[in-house]
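Look for chain A in each of the two complexes below; its partner is chain B in the first and chain C in the second.
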Partner chain A sequence: MRKYLAVARITFANVLVYRWEYLISQFRAILLLITLYFLWTQVFKTRIILFNFDREQIITYVFLATILRQFVIISATDQIAQELQSWGKFFSYLLKPIGYFSYWFTVDLVYKLTSLVSIILIIIIPTIFFQIPFVQPAGILTFLLFLLATFIAILIYFYMGILVSTTGFWTPQVWGLQFMMLLILEFSAGAYFPLDVLPATIQSVIKLTPFPYLLYYPISIFLGKLSYIESIRVILISTLWLFAVFSVTKFVWNKGLKAYEAWGG
Partner chain B sequence: MKPGEANINFKFQPVLDKVETRPGISNVKLHLPAGRQEFQIMKYLRVWTRLAKMRFREYYIESRLHSIFLISGKLIRFSFFFIFIIALLTKTQTLAGFSLYQTLLFFMTFNLIDIVSQFFLRSAYAIGWMINKGEIDYILTQPVNTLFRIVSDIIDLLDLATLVPVVIVLGIIVARLETSITFYNFIFYLLLCFNALLIAFSIHVVIIALSILTQEISSEIWVYRDLMTMGRFPVDIYSSLVQFVLTFIIPIAVMVSIPAKVLLGILSWQWILISFAIGLTFFGIGIKFWHFALRRYSSIST
Partner chain C sequence: MTVIKVQNLTKIYKVPQKNPGIGQTLKSFFHRKYKETKAVDNISFKIEEGELVGFIGPNGAGKTTTLKVLSGLLYPTSGEISVLGFIPWQRKSNFQKQIVFVAGQKNQLWWDLPAYETFLLNKEIYEVSDKDFRQRIDYLSQILDIGDLLKTQVKKLSLGQRMKAELVAALIHQPKVLFLDEPTIGLDIIAQKNMHDFIKDYNQKFNATIILTSHYMDDVEKLCERVIIINSGKIIYDGKLSKIVTKFAKNKIISLDFTKEIDKENLKEYGTIINFDLSNAKIEVERNRVADVTGQLLKRLPINDLSIEEPPIEEIIRLIFAKNK
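Up next, the complex of A and B:
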C-alpha cells in the first residue's frame, strides 16, 4: 500500500509541476459548460418540459455531466500506448515491485481526484453567484446508488482506456484511435446532452453499448429518473459490462505481451 | 544592431541577402518590381505545396490507419452535433428565434471557418515542440518569411477530407432556407468568412508569438479551440455580457454568427463595417505582437 501512496504522491507532484497547463485544462471544461448552460436556458425560456426534463433537471444534468466528465473520463491510461512505443520504457516496469495495472490505477485516481476538486472549486463560485437552481437527490439511498454507479463507471473507463492503449503493442498509430474513441464515447455517454434528446433508434443502439453507463445512467439515478429497482438493474448491467470489458482487456493485454518487442534502453 | 533585431548568429546571411531580405530577421521588407513580386508569390506557393506534399506523405502514406481514425472521429463529432440540433429543433421549432435551417446555417458556418482555419494554421499546435526541438532556429536560416514558414510547417490535408461533406451540407442548407438569399448577401457572407479567417490567423499568430516569448508549450490554443466551439450555436443564446466578450474580446461571434446573419439578411451595414474593423484590428495586433516576440526570441534547443 505504501508504495502506491508513493506513486500517488509523485503523480500529484507531477500535476503541480505543470500548474498553468492544468488550470487551463480545467478552464476548458467550463467553456463547454457555459455553452450548454446558455443553450438549455434559451430552450427552456418557452417550454416547461422537454424530453421529459424540466429546466432544473436539465441544468443539473449539464453541471453533473461536466463534473463527472472530469472525474470518470479523465484518465492517464492513454499514456500506456506511448510507453509501449517508447524504446523500452514499458520494459522497465518489470524491474519495479509494483503491479502494472495497479500502478496506472493509482495514477488515474490522482488525476481524477485533483480534477474533481478543482472543477468543483471553479464551478461553485458562479453557481452561488448566479443562484443556479439544482435538483437534489431524492434521498440518501438514491445518492448512494449514484455513487456506486459512478464508481463502476470509473472502473469501466479505466479498463476501456487500457484496451484502446493495448493497440500500442501492434502499431505506433494509436493516437487517432484514442481520439475517435473519445469522441464516440463522450457523445454516447451523454457528456454533451442527455441521450433522451436523440431519436429513439439511435438511443436504443447506444444503450446496447457500455457507454451510457459512464455518465448518462449515473446522472439519471441522481436526478431520480430511475426508480430504485431500475437503478439496481442499471448497476447490475454496468457490473456485467465491467467484467466484460475487464476480461477483453486482460485477454488482449496477454496477447499483446506475447507480441511485445522492446528495443533501446 | 538594434536591440533584439538579430540575436542569433546568422550563418546563412549571404543566402538571405540573395532573396532581398534585410538584416533584421523579423523585418523582412520587400520592395520589388511587379515581375519580382509575382516571382515571390510563386516561390511561396511552391514552398507551401512542397510542405503540404511532405505532410501528406507523412500522414497518409506512413500513418494510414491513424488518418482513417482521425477523419472518422471528426466526421462522427460533426454528425452527432448535426443530429442533436435536428432532434432539438424538431421539438422546439426555434432556437433564440432561429428556425431549424437557420440554426444549422450557424453550425455549418462554424464548421466551415473552423476546418479551413485548421487546414492553414495547424502548426500553432506544434509551436512548443518546434521551439524545444530547435526547429525555429532552423526555420530562421531559411530564405522565406519566418511567420509564413512556421504557419505552413504542418498543413493538415485531413481537414480537406472533412471540408467536402461540410461544403455539400452547407449548400443543401442554404438551398432550404426559408429566406431568399440575395447576391449581395452571398458576397458579403464570403467576405465575412474571409474576415473570420483573418481573425483566426491573427489569434493563432498571437498564440505562436506568446510561445516564442515564453518558450513554453502553448495550451492557449486549446482554449481558443474551445472558445471557438461556442460559435456552434447562434451567439444570441448567450447573455449580453457573454455576447459582448464573444464579439469584441475574442470575436467568435464576428467569425461565425455575423457571416451567417449577413446571409440571412438580418444584419445592418453598421455591423458589417464593425466586423471588418475588428478583423483588421486583430490582424494588426497579431502582426505587431509577432514582430515584438520574434525580436526577443532566443534559442533554447540543444
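Up next, the complex of A and C:
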C-alpha cells in the first residue's frame, strides 16, 4: 500500500510542475460548458419538454457530463504508449517489485482527482452567479447506484486506455488511434448531449457498445431516468463490459510483452 | 558461492521484416515475415559472489542481450540460467529486490522533478526502511559527490550529474547483483574516473557481484580482473585480463633509444619495425625470441636505453575481433 501512496505522491508533484498547462486545459472544458449551457437555455425558452428532458434535467446532464468527463475520461494511460516507445522507464518498472497496471491505476487516480477538484472549483463560481438550477438524485439508493456505475466506468476506461496504448509495442504512431478513440468516445459516450437526442436507430447501435456506459448511463441513473431494476441491469451489463475489456487488454498486453521480448527492444 | 550460472544460453530474436511504403505495411500486417537473428549463441559461464567481471565485445556482440536475460527482461530461447538461485524471467519480487540493471542510455528518474523524489519512490517500491534509506543516501551522495544536485530538477542536470543520480536511484535497495550496461557512456574523463572509483568501492564494501559492459577498454582495465570477451554471440575468451596478453599476443615490443643516429636497414633483421625516427625505434619481436634479440641488439648497436613492453590490451582485443570476423 505504501508503494502506491509513494506513486501517488510523486505523480501529484509532477502534476504541480505543469499546473498552468493543466489549468488551461480545464479552461477548454469550461468554455464548452458555457456554450452548451446557453444553447440549451435558448432551446428551452420555447418549450418545456424535449427528448423527454426538461430544462433542469438537461442542464444537470450537461454539468454532470462535464464533471464526469474530467474524472472518467481524463486518464494517464495514454502516456504508457510513449513509455513503451522510449523504453527507459518501462524497462526499469519491468524490473521492479511493483505491478505495472496497479502502478498506472494509481497514477490515473491522481490525475482524475486533481482534475475533479479543479473542475469543481472552477464550476462553483458561475453556478452560484447564474443561480443555475440542478436536479437532485431521487434518494440515497439512486446516488449509490450512480457512484457504482461511475466507478465501473472508470475501470472500463482505464483498461480501454491501456488497450490503445498497448499498440505502442508494435508501432510508434499511437496518437492517431488515441485521437480516433477520443472522437468516437465523445460522440457515443454522451459527453456533449444525452444520447436521446440522436435518431433511434443510431442510439440502439451505440448502446450495443461499451461507450454509453462511461457517461450516459451513470448520468441517466443520477437523473432518475432509469428505474432501480433498469439501473441494476445497466450496472450488470457494464460489469460484463468491464470484464470483456479487461480480458482483451490483458491478452493483447501479454502478446505485446512477448513481442517485445522476442525482438529484444 | 556461485551467484550467476549460465548454461548453454541461446537467444534468438525474431525481427519482423517490412519494406517501406503503405502497401507493404498493409501486406506485412496480414502476412508478417520474420528474420531470425542469433544474438547469443550457446554460451556458458559462472560468476562467484563479489566478482567484478567485464563483458567486452563490439556492437551487436550480444553483451546487452545477455545482461537483459540475466536481469529478467528477456526470456532465453534455450539454456539454463540461475541468478541468486532464481530464474530471472519469472520476475519474482524477492529476486528483483536483490538485483539492478543500470543502462547508461536509459533513465528512470522523473524528468521534471528533483532526483530526490525518485529516490523516495524507489525507497517505497523496494520497501527500504527509513534508517537504511538515510544511511544509503548519505553514503552514495558522499562517495559520488552529489550534495545539492538532489534538489535540482533532473532535466537541468548535466549528463554526468544525471548519471550519478541514476546510480543513486538504482542502488537505494542495495542490490547484491549489479548489471551495468555501459555506465560511462558519454561521460567526461573526470566523471569517468569517479564512476570507476565508485564501482570499485561498492564492489568491495558490499561484496557485490557486478557485471559491466563497456566499449572503453579503460573501464575494464581499471575495474575488472576477469573479462569475458564475446563476439557474434559466442564467448571467445573468459579469464584473467592479465592473461589475455600472453594468450593472444604473440609478440612483444622492444623500445630502443640510440646514442647516435643509425640506419633503418640495420634494424630489419631483428623484427618488424613499428616506428623509427633515426635515434628512436620500436620493433615487434616474437615472444620467445625476445631474450635472444635483446642480447644481439645490445651487442651490435649503440644503445642508450632499451625496454621491453607488452602491446596495449586495446590493440590485442582489436586484433582478436578482427580475426574473428
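As a convention for this text, the second predicted complex is superposed on the first by the 257 of 265 C-alpha atoms of A that agree within 3 Å, B and C clash if a C-alpha of one lies under 4 Å from a C-alpha of the other, contacts with A are read in each partner's own complex, and residues count from 1 in each chain.
By definition in this document, contacts are C-beta pairs under 8 Å (C-beta built on N, C-alpha and C of every residue); 3 or more make two chains touch, one makes a residue touch a chain.
Bear in mind the structure is a predicted one, so any value in this text is a computation, not a measurement.
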Query - chain B versus chain C as contact partner of A:184, first or second or both or neither - result: first
Report task. Check whether A:109 is in contact with chain B, with chain C, with both or with neither, and answer first, second, both or neither. Result -> neither
Query raised in the report: Looking at the overlay, what does A:46 touch: chain B (first), chain C (second), both, or neither?
Result: first
Query raised in the report: Now for A:28: first (chain B), second (chain C), both, or neither, which partner does it touch?
Result: first
Requested in this report: Would you check which partner chain A:147 touches, where first means chain B only, second means chain C only, and both and neither mean what they say?
Outcome: neither
Requested in this report: Name the chain, either chain B or chain C, that contacts more residues of chain A.
Outcome: B
Query raised in the report: Does chain B (first) or chain C (second) touch A:232, or do both, or does neither?
Result: neither
Query raised in the report: Just chain B (first), just chain C (second), both, or neither: which does A:132 touch?
Result: neither
Report summary line: Both partners, chain B and chain C, contact chain A at residues none
Query - Residues of chain A touching chain B in the complex - result: 20-21, 24-25, 27-28, 31-32, 34-35, 38-39, 41-43, 46-47, 50-51, 171, 173, 175-177, 179-180, 182-184, 187, 192-193, 197-199, 202
Query - Complex contact set, residues of chain B against chain A - result: 63, 65-70, 72-73, 76-77, 80-81, 83-84, 87-88, 91-92, 94-96, 216-217, 219-220, 222-223, 226-227, 229-230, 232-233, 236-239, 242
Report summary line: The residues of chain C that touch chain A in their complex are 11, 13-16, 39, 65, 68, 71-75, 91, 93, 96-97, 99-101, 103, 106-108, 110, 112-113, 117-118, 120-127
Query raised in the report: Touching chain C in the complex: which residues of chain A?
Result: 2-3, 5-7, 9-10, 13-14, 17-18, 87-89, 91-98, 261-265
